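What follows is chain A paired twice: with chain B in the first complex and chain C in the second.
This part shows the complex of A and B:
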C-alpha cells in the first residue's frame, strides 16, 4: 500500500502539472459546471414565484437558491470523465502502457480527477461566492448538518468516481460505446435530483431514485447541508447508504476489472 | 540459435543448478513459450447499405488466428529478433509475453511468472517499449514522467539518480529533459521512451519497433544503446522491427513469423542457408557483350548495360564464376549473399510454408518450417 501511495502522490503531482498546463480549458469546464445549476435555479425560482405560497415541493426561492448552490459544489466534487474517456483510451492504444505498470490504472485516473478538482477550486470558489451573493440562498442547516454535509459531499465524490469507473469498464467489452458517459451523466442528472429536488418528482420516480445510487451522489449531500434532513437518524442512514454504495462500487470494480483485463484486446497497438 | 544451457556440455545432473542474477537456475530459459495461441473474433460484413442493415439482425463473425501454437525458448541475456510482415503475429506474441493479452491457448513463463497473471512482481521486472505508443505525459517535460516512473516502480532514490544520470549521458538527453514531450522531435521522444523504459532496470525487455520513424543516424544510436544495455545488465531482449538493419545489428538469433506461425528459428547467418541457399554474382563488364546466354548460368536478376546480376545455387557459385571469368571480359566480379530482406520476403511469399508447417519447436539447432527452404 505504501508504494501505491507513493505512486499516487507522483500521479497527483503530474496531474496538477497537466491541469495547470491546460488552465484555460479547465476554466471553461469549471464554468460549464456552474451554468447548469444556475439555469435550473432560475427556472425553479420562477416556478416557485407562480405558486401562491411561493413554494414548490416545500422549496421557496431561497431554498432553491441554497439547493442549486449546493448542486454547484456537489457537481464539482463529483465530476469524473472516465465514462467518456475509457473507450478512447482503449481504441487509441493509450491504455496499453498504463496496463503494463505494476500499479492499477485506476490510481492514475483518481489522481488526475483529484488534481482537476483541486486546481479548479481557484476558479470555482470565487464563482460560488459570487453566485451566493447574487441569489442569497436560504440555508437552514445547523452546524451538525453542515459538518455531516461536508462528509457527505466527500463520500459522494468518492462513490461517483468508483461507480463511474465501473461503468467506464464497459468499454473493455465495447470500446465504441462512447455514449456510455452521456447516459450515465443524464440518468444521474435526473434521478440524482440535479434537474429538480427529488421531492418535486412524481412518487413513482422518487421511489426508483431511492433504489439507484444517484440520489446519494447528489440530492442527499445537498439536502443534508442546507438543512432539509432534520433527524440525525436520517442523516446517518444516508451516510451509511453512501458508504454502502462506495463499498459496492469498490467490490464491483475488483470483480469487473479482473474480467476486463482478460477481455482487453489492445486494439490498434 | 544459442542452445539451451543444458545442452552446452555442463554436467549438472548431480549438483543443484547455479543461481543466476534473477534468482533463477541458470539452466532455465528466461522465456519459455509452449504452443501459445491467440485468436480474435472479428465482425465482418460486405460494404454497402443492405449488408449494413442485415448485419443488425444477423452479425457474422470471423475467427482470426493471430498466433498459432508458437513455441520457443529464450535464454538469459539473449537478444532475439522477431521478423515478419504486418499482421504476422509478432506484436500479439509480445503483448502476451508482457501480460497485456490473455492467450486463447498454450502456456508461457517469463522470469518464472505467467505473464497474463500480471503480478506486480512480474511487471516490475519487465519493460515493453512500443514504438508507436507513448508512455510519457504528453504535456509535461519528460522529467515528470521519469519521476512518476520512479514512484510506480519503487526505484530507490539513489538508484534512480544514478540510473537516470547514466541514461541521460548515454542517450544525450540533457537538452530535451525540460522540454514538453509534445514539442520533441520523434527521435528525441523515442530516446525519452527508451530512457523511461529502462529506469527500473528491467531483466526482460520487449521492444516493439523501437526505431520506427526515426532517422538512420538515430536508429544506429538506439541500436548501439540497446546492445550496450544488454551487455552491461545481461537483459534478455525480444525485438520486433521492420528495419532489417535493427535485426542484423543486434540479433544473432531470429524468429521469422508469418500467419501466426514460426517459419524459422535460428541463427541469422543460417537463415540464408535454410531459406535461400543462393549466391548473387554481380558482374561489371569491360566491353559490351551480345548474344551471351546469361540465363544458362543462373537466374538473371538484372541486366543493365555492362552490369549483370545473377542468382545461382550456392553449390555451383564457384563453377559459374570460373565459367563467367573465362567466357567474358570481366572488369569486376563480386559474389554476395542475397540481401536478408529478399530472403525473408521469399519465405513470406511461400504460402505453402505458412499453411503446412508445424510450429517450430525450440531446439539446440536451427529450426525451419517444412516447405520454406525449397523455394527457388
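This part shows the complex of A and C:
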C-alpha cells in the first residue's frame, strides 16, 4: 500500500504541475461548467416566471438559482474525462507504458483528475460567488443539511470518477468507439438532474432516473444542500445509496479491469 | 471564379471519398446524429411537461429553434471546424507554407480544404425538425418566410465563418492553444434556447456585442414568422446582412494581419 501512496503523491505533484502549465486550456474547459448551468438557470427561471404561480415543479426563481448554483459546484467536483480519453490512450499506444508500471493506471488518472479540480478552483470559486451575487439564490438549507451536503458532494465526485472509469474500460474492447464519453455524459446530464431538477422530469423519465446511479451524483447533493431533503432519514439514506454505488463501482472496476487487461493488445507501441 | 469553383468541387470530391473509406465510423456517427436530436427533443418534452410557454415561446417554437441549432451546429462542424483545425495545425507545424505558395487566394484555400461530409445528417435532421415545428404551428410549410430565413441563415454562416477564422488566426500569436474552439462552444451554448429567456441586458449583449442572436434565435423566429418570435421585426435580414458584412471584412483583415506574423516552417 505504501508504494501506491508514494506513487500517488508523485502523480499528484506531476498532475498539478501539468495543470498549471496548461492553465489557459483547462480554464476553457472549466468555463463550460459555468456557462451550462447558467443557461439552464435562465431557461428554468424564465419558465417559472411565465407560469401562473411563479413556480415550476415546486421550484420558484430563487430555488432554481440555488439549484443551478449547486449544479455548478457539483458539476465541477464530478468532472471526469476518462470516458472520452481511454479510446485515444489505447489507439495511440500511450496506454502501454502505463500498464508496465507497478501501479494501476487508475491512480494516475485519479491524481490528474484531482489536480484539475484543485488548480481550477482558483478560477471557478470567484465565478461561483459572482453568479450567486447576480442571481440571488434562495437557500433553505439548515446547517445539518449543508454539512451533509458537503459530504455528499465529495462522495458524488468519487462515485462519478469510479463509475466513469469502469465505463471508459469499454475502450479495451472497442478502442475506436469515441461515442462512449458523449453518451455517458449525456445520460448523466439528463437522468442525473443537471438539465432540470428531477421533479420536473415527465413520470416515465423520472422512473428511469430513479434506477440509474446518476441522480445520486448530481441531483441528490444539490437538493440536499439547498434544503429540499427535509428528513435526516432521507438524507442518510441518500448518502448510503451514494456509498453503495461507490462500492459497486470499485468492485466492478476490479472485475472489469482483470479481463480488460487480458484483452489488451498494444497498438503502435 | 471558375477556377475557384473547380477547386472547391475537387476538395468536396476528396472529402466524399475519404468518408467512403470509413464506413463503420459512418454508421456510428449517423446513429449519434439521431441520438443528439432525440436528446434535444427529450429536453423540450421535459420543459413543456411543466409549462405551456416560456415568455410566449411554446413547445413548437422551441422545436423550430432546436432544429435551427442542430442545423447550425452541424454546418459548423461540416464546413468550418475541419478547416480551422487544419489551419491551426499548419501554423503550428509550419506547413502553411504549402498554402501560401499556391497561386490562389490564401484565405479562400484555407477555408475549403476539408469537409466532414457525414455531418449533413445533422443539417437534414435539424431542417426536418424545424419544418415539422412550423407545420405544427401554422399548418403550412411557411414558404413566404423561407426567403428571409434563407437570407438570415446565409448571414449566420458568414458570421460564424468570420468568428471561427479569427479564432484560428489567433494561432499566429499563441501557437499552442489546442482547445481555443471551446471559446466558441462556450458562447454557442447560450444560443441553444431563444434569447427571450435571458434578462434584457444579457439579451442585448447577445444581439449587439456577440451577435449570437443572429445565429439561432433570429433565423428561427423568421421561419416561424409570428409576432413574438420575430425579433428585430421585418428589418432583421437587412441588419443581419450588415453584421455579416462587417464581420467578414474584419476577419479578412485579421487573417491578412496574422499572415504577416507567420514565419514559416522550422521557425
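The criterion applied here is as follows: the second predicted complex is superposed on the first by the 269 of 269 C-alpha atoms of A that agree within 3 Å, B and C clash if a C-alpha of one lies under 4 Å from a C-alpha of the other, contacts with A are read in each partner's own complex, and residues count from 1 in each chain.
The rule we apply is simple: a contact is a pair of C-beta atoms (placed from the backbone, for glycine too) under 8 Å apart; a residue touches a chain by one contact, two chains touch by 3 or more.
Here the structure is a predicted model, which means the values were calculated and not measured.
Peer 1: Just checking: does A:183 make contact with chain B only, chain C only, both, or neither of them? Give me first, second, both or neither.
Peer 2: Touch partner of A:183: chain C, not chain B.
Peer 1: Is A:99 touching anything from chain B or chain C once the two structures are fitted on A? First, second, both or neither.
Peer 2: first
Peer 1: Taking the superposition on A as described, I'd like to know which of chain B and chain C A:46 touches: first, second, both or neither.
Peer 2: second
Peer 1: Look at A:262 in the shared chain and tell me whether it touches chain B only, chain C only, both, or neither; answer first, second, both or neither.
Peer 2: In the superposition, A:262 contacts chain B only.
Peer 1: Please identify the positions on chain A that touch both chain B and chain C, taking each partner from its own complex.
Peer 2: In chain A, no position sits in both the chain B and chain C interfaces.
Peer 1: Show me the residue ranges of chain B that touch chain A in the complex, using the header's touch definition.
Peer 2: Touching chain A from chain B are residues 40, 91, 95, 98-102, 116, 118, 120-121, 123-124, 126-128, 130, 132-135, 137, 139-140, 144-145, 147-148, 150-154, 180.
Peer 1: Residues of chain C touching chain A in their complex?
Peer 2: 24-25, 28, 31-32, 35, 39, 42-43, 45-47, 49-51, 53-55, 177-180, 182-183, 185-187, 189-190, 192-193, 196-199, 202
Peer 1: Could you please specify the touching residues of chain A with respect to chain C in the complex?
Peer 2: Contacts found on chain A: 24-25, 28-29, 31-32, 35-36, 39, 42-43, 46-47, 50-51, 56-57, 176-177, 179, 182-183, 186, 190, 195-196, 200-202, 205.
Peer 1: Which residues of chain A touch chain B once you look at their complex with the stated criterion?
Peer 2: 3, 6-7, 9-11, 13-14, 17-18, 21-22, 93-94, 96-97, 99-103, 261-262, 264-266, 269
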